[in-house]
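Structures given as structure tokens follow.
Both complexes shown next keep subunit A, but they swap its partner, so subunit B is in the first and subunit C is in the second.
And now, the complex of A and B:
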């Protein structure tokens, strides 16, 4: 309500965040796990009789690793920051003001890991053996610290625990109920992805014997992690808010009928892709020649799909909040969602509109933009045209009043005229011309149902 | 003022604003130097492509690192900017949202292309100039989007009209009269800084190299570097004149009143001119002292202008916001933790970098050629130098000029 809403036709701002985040999560976890891989691979290589050959392969790996993680990983990381500013400035402001120095510490870690990686790479031929091993280890340690820091901020959004706007208890918010389970889970994922990224470079090794040894070494990163990830996922699940668990297991009846089962589908997706990664790795282990570049990239792609499922699950588990129990996804503060405030004419409290006349579709469009567009689009992703297909003006008018009752939507903000204007606008998206005045006039008086009061 | 400026965040400032300003100035100075090296380097690379291949190669080697550190040093100033001016910055970002998010793919393209160029310039030399042109275009477009967004963040009076017309953020603002002058004021110094990088390179080559080719390369590098600095100084003066004409009367009046704003602006100009003169004087000298002094003066000039830029912002936003009056809900413990981590991190990185560079220089000396990321033979300990910095008899020269 304090900020303008980025009204992106067709895809919506939220999906842009999701796309960038999903791409970033893969590479950022490789960036951390790959550091551990480099460290142990350095130690392993130096104990082998043909260490120069293995180190030559490792140099190829680190070249791929450096370019991929510094160009794509670092910039998509900044991309998440840019996109959340646009999709949810209010929430970004909250996170920045609460965790600015945690973020600044993470930046120091980022500066450190980047610099150490350059020293490791560019000093490949001139660094002494112990120095090179030290740099690889230092890189991993620093990169993992950056994960330790950012994990606190990410988990805060879903499980802020005892943190409140009043106490601003940074320790409670940072070391929140979901912190350690998520950190363990992410650490396992990064080991798994380190092994998968090594497959990509190992696929180009021509010597079958050498390839088999590298595949075996890389498999030791994937297999234990693939087994442990479900265990840590269960721990993560056990720390979720009760309503998120209910949402995932039961689904929710959607606007257009049917059930919202996207969360359970996301869980299935993560499980299926995890199994495929496990099977693929076992295949490579037993038949190293099966490891081709295409197969290795397909494995990373499978992991990417699994990450997409997990990320969507995490995002959906926060419904209808962006910071659980504190700030709704459309930037309405929970503390402001009192019945009296919610019933006030919406545009009298909102800042970003040209004050369109009451009881017009134009006013309805501005209400749509400021209340709905942060999650929905008119006719694309999470389309409101599709979701209101079965609506009559009367149904829509009444539904809006209690739309928060199922727990996955924020409460509607505004009076009866606002609801009528929004209904008229939404129905106009399918070519129906409805007069908002008529909706208000014919609607039966219906006292506003109490808010569902979904507590985290 | 009838502008939809959001209220300050309910969490208030985490420490007194002066600390946030100081951190912002420090890191933004580093960001600007890295940005100017990268942008100017890419432009000079393109200009020198055919006639001075040694210079194009030098920047081609340095560009990926330039990109990397311009992004890395760009993060904390944005972080501290959002802490103090978030309500302005977020609003203007949404208003140009489509362009703002396009910064990400543009940087990926430019940064990726810089690595592609560096790794393929010898194996696939054809059309590398096109790759460099793509890098230059990506950088210049990103710069314009940044300047556009930040200029719009200073003009809340323009916001509502812009948002009502373009809620998808698919139009940049053109309503701010200082926009193009402001853009030039940020882009033109890039030529100055990259010229300074060439002067430093020339000085280093002269200092270490003994071959005629290396001395010639040093001469070319110095000439081109000085030329870039002189051209940049002239263009910057014109851009500053344009900016002076288009800024609001109140801002011009604040400059004329004296005080910190005008003193820092004058100091910045003097330091810049000092850097140019020191760079000029370093020509033909075997030591690196004057060139290094010039580089330090340049950093000082950038720091002064970073503060001037922020003081201007404060003047622009005075009707809407004063940081000093914003409530502070302190996080001193976290602040101390950050400073401690930063101190440890900087010392740790400085030691490691110094040791690794010493090894790299030693290896390059041992190999008698630039390694440029390629195998450089057996590493040797760094060569010892006499106190005067001259080579010992028989010591082989470095050849940074081939990079």
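And now, the complex of A and C:
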């Protein structure tokens, strides 16, 4: 930990990152898929006898597309950078340093995307037909390159493959085991969203016959994608780390007292909403006149909920890491998780914090901020007040020492005094006053469990 | 294979209107046996007015959608719920039954969203003045359905028998007990004694799974029948338009299909809530233990609960009478504001309705935070 902590009450830093990222996924996927849609719609429109009428509709689509993707895309894109470097500076630093050229390509691609889109939009009436078609195609090509790049970095975090801190093999990290299945999957999601966003613009077409044709054209984007998404999802699933699969599948009947774990529920949510999108699209195809603005937005909203489920699963599948097998969610490098290092006093290794006296509640609060707050909050999202409801000081003191034993939590960093201070702080959230010195004094001697060894 | 038309006299088939050919041979055979064509024909021509407030029509359908979800998830929960071991059986549903926690969470969220949608439907109907003659019956049955929905929520809340549900029910019934004249009798009848016990579950359970569903289904049928017979109400401005400018869409040909995506979105929203905000289960109720701090009724009772706090001590009776007057006024509304188009009294009623809405929302928020 080498950065001032970002202590967000109630929501937590991690959830803020997730909310911004999920919104950005929707916008960015429409931005890429919409590019392909524009290109093919341009070709399609120009072959129709009433091409001017269809291009007039396409112009409305482009206006929506341009405003929506550039404004919201830029805001949420910057928002991701702003939030991740506060929530997890260590991981952000790793990703920047490891993939510096990839980021450079991505930013150039983003600039290229914007330039071509503006040339396309503002040259709508003046560009020649071949140039306009070329610009639409070029926009999609450049936009898709940004996906090709980002996908490598995103999948690296979950399936880094042969990449290690020692070899730092960029190609192995970038073209990691999950890369191609995720790229195919995201490309399909982009086509699906392109079709759904075309519905939104088609809803305002008054001519029933034209509307029916546009609905049919847009359905060709949604329906094949909706069928292929489960196929590529399965391929992606087959590349997941074994422990992530275990977490998700055990959750159906067994994990944590048998509850259907949130990861399993997120998969279920994504699958269900995919089916709902399919049903809605078939409804539009059957009755094009039923395509109202509300109905079209409802389908886009349904897809957004499904994407939220899928992206949430992808994030949670990394538990307890930020970069799988490399960096824990509490900014602890896996290579540093040796029993000897873990037992060192924590605050002496962390930076950017005051130095409250040992065995005090205040010290416990700083340990909470530095080790827990990237995932938990005091009494909101993943509330520690709720999670420690049944705790006694002795239980908490012992639990912290082996909290990584089930593989879901990272190891605790710190000595016995740190643990006692954190227990005293966490119990104080429910109004209990505990003396950390007393916890240490009465605790039975307990050697650090073998689970402190690095998890695969 | 027997020709389905063969036993039907030719004259009977010839007597069917030409439009029935679209139903095919089997459909026409059925129609010649059961003469329901006038009903089908009536629905074929049913239309929905289109104007700037048409979107509010969707809310009624959304309520029905949530009610359907309640029926399905409720039946699934009944498979494992045991009124004799309420908490243990719910714990089993949550922890052992595959997808039990999701089904329970769906039931919980659909209940809350259904009541919320009923309130939205009530106020949209109110502000669009759809209660005025000749739609008094629709308004009155709608109010009845709001009461039944809240009774659904109240009776279902106790069934898990955890400490939250137990103490919230105890607080709720003790408020009821303070009502003049019949208060004590009604409270004793609801509890099955002086206090909330497992005998109360013996009453709430059949109420929740048999009596209330039957009542709601009956009243909803009447409510929807009224809407079908009288058509959907539209704002005064719509009625004032010349016929050629009155836009409408076919109910079964178009409107219903446009509603399907809205219901699908509601389904996705429910699944989202059940996924990320599953319903928890507190420790088993212990009637001898002190109530946990901050026990409150569910949000749809909070406004009344909070309003009653404004009338402490002996004034509480006054508060109850005043609060009791609000539903009475709501029932009397179609008989007070009858004018079309809106006159001075109508505008006053709208203003009072706005104040009531602000009061409801304000008191609920106040009750939530206090």
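The rule we apply is simple: the second predicted complex is superposed on the first by the 442 of 456 C-alpha atoms of A that agree within 3 Å, B and C clash if a C-alpha of one lies under 4 Å from a C-alpha of the other, contacts with A are read in each partner's own complex, and residues count from 1 in each chain.
In this text, contacts are C-beta pairs under 8 Å (C-beta built on N, C-alpha and C of every residue); 3 or more make two chains touch, one makes a residue touch a chain.
Keep in mind that what you see is a predicted model, and the values were worked out from it rather than measured.
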| item | value |
| --- | --- |
| Joint occupancy of subunit A by subunit B and subunit C, clash or fit | fit |
| Winner by number of subunit A residues touched, once subunit B and subunit C are compared | B |
| Subunit B versus subunit C as contact partner of A:19, first or second or both or neither | neither |
| Subunit B versus subunit C as contact partner of A:292, first or second or both or neither | second |
| Which superposed partner A:108 touches (first subunit B, second subunit C, both, neither) | first |
| After the two structures are overlaid on chain A, angle v-u-w for subunit B, subunit A, subunit C in degrees (C-alpha centres, nearest 10) | 110 |
| Contacts of A:268 with subunit B and subunit C, given as first, second, both or neither | second |
| Touching partner for A:127 - first (subunit B), second (subunit C), both, neither | first |
| Contacts of A:316 with subunit B and subunit C, given as first, second, both or neither | neither |
| Nearest Cα pair across subunit B and subunit C, whole Å | 20 |
| Intersection of subunit A interface sets (partners subunit B, subunit C) | none |
| Residue ranges of subunit C in contact with subunit A within the complex | 55, 58, 94-96, 98-102, 249, 253-255, 257-262, 264-265, 267-269, 271-272, 274-276, 278 |
| Complex contact set, residues of subunit A against subunit B | 2-9, 13, 16, 20, 63, 67, 70-72, 74-76, 78-79, 81-83, 85-86, 89, 92-94, 96-98, 100-105, 107-112, 114-116, 118-119, 122-123, 125-128, 131, 135, 138, 165, 168, 170, 351-354, 369 |
| Subunit A partner contacts - residues on subunit B that touch it in the complex | 4, 6-7, 9-14, 23, 65, 68, 71-72, 75-76, 78-80, 82-83, 86-87, 89-91, 93-95, 97-98, 100-101, 103-104, 107-108, 111-112, 115, 119, 159-160, 163-164, 167-169, 329, 331, 334-335, 337-338, 341-342, 345, 348-349, 352-353, 355-356, 359-360, 362-363, 371, 373, 375-377, 379 |
| Footprint of subunit C on subunit A - complex, ascending | 252-253, 257-260, 262, 265-266, 268-269, 272-273, 276-277, 279-280, 283-284, 286-287, 289-292, 294-296, 298-299, 301-302, 305-306, 308-309, 312 |
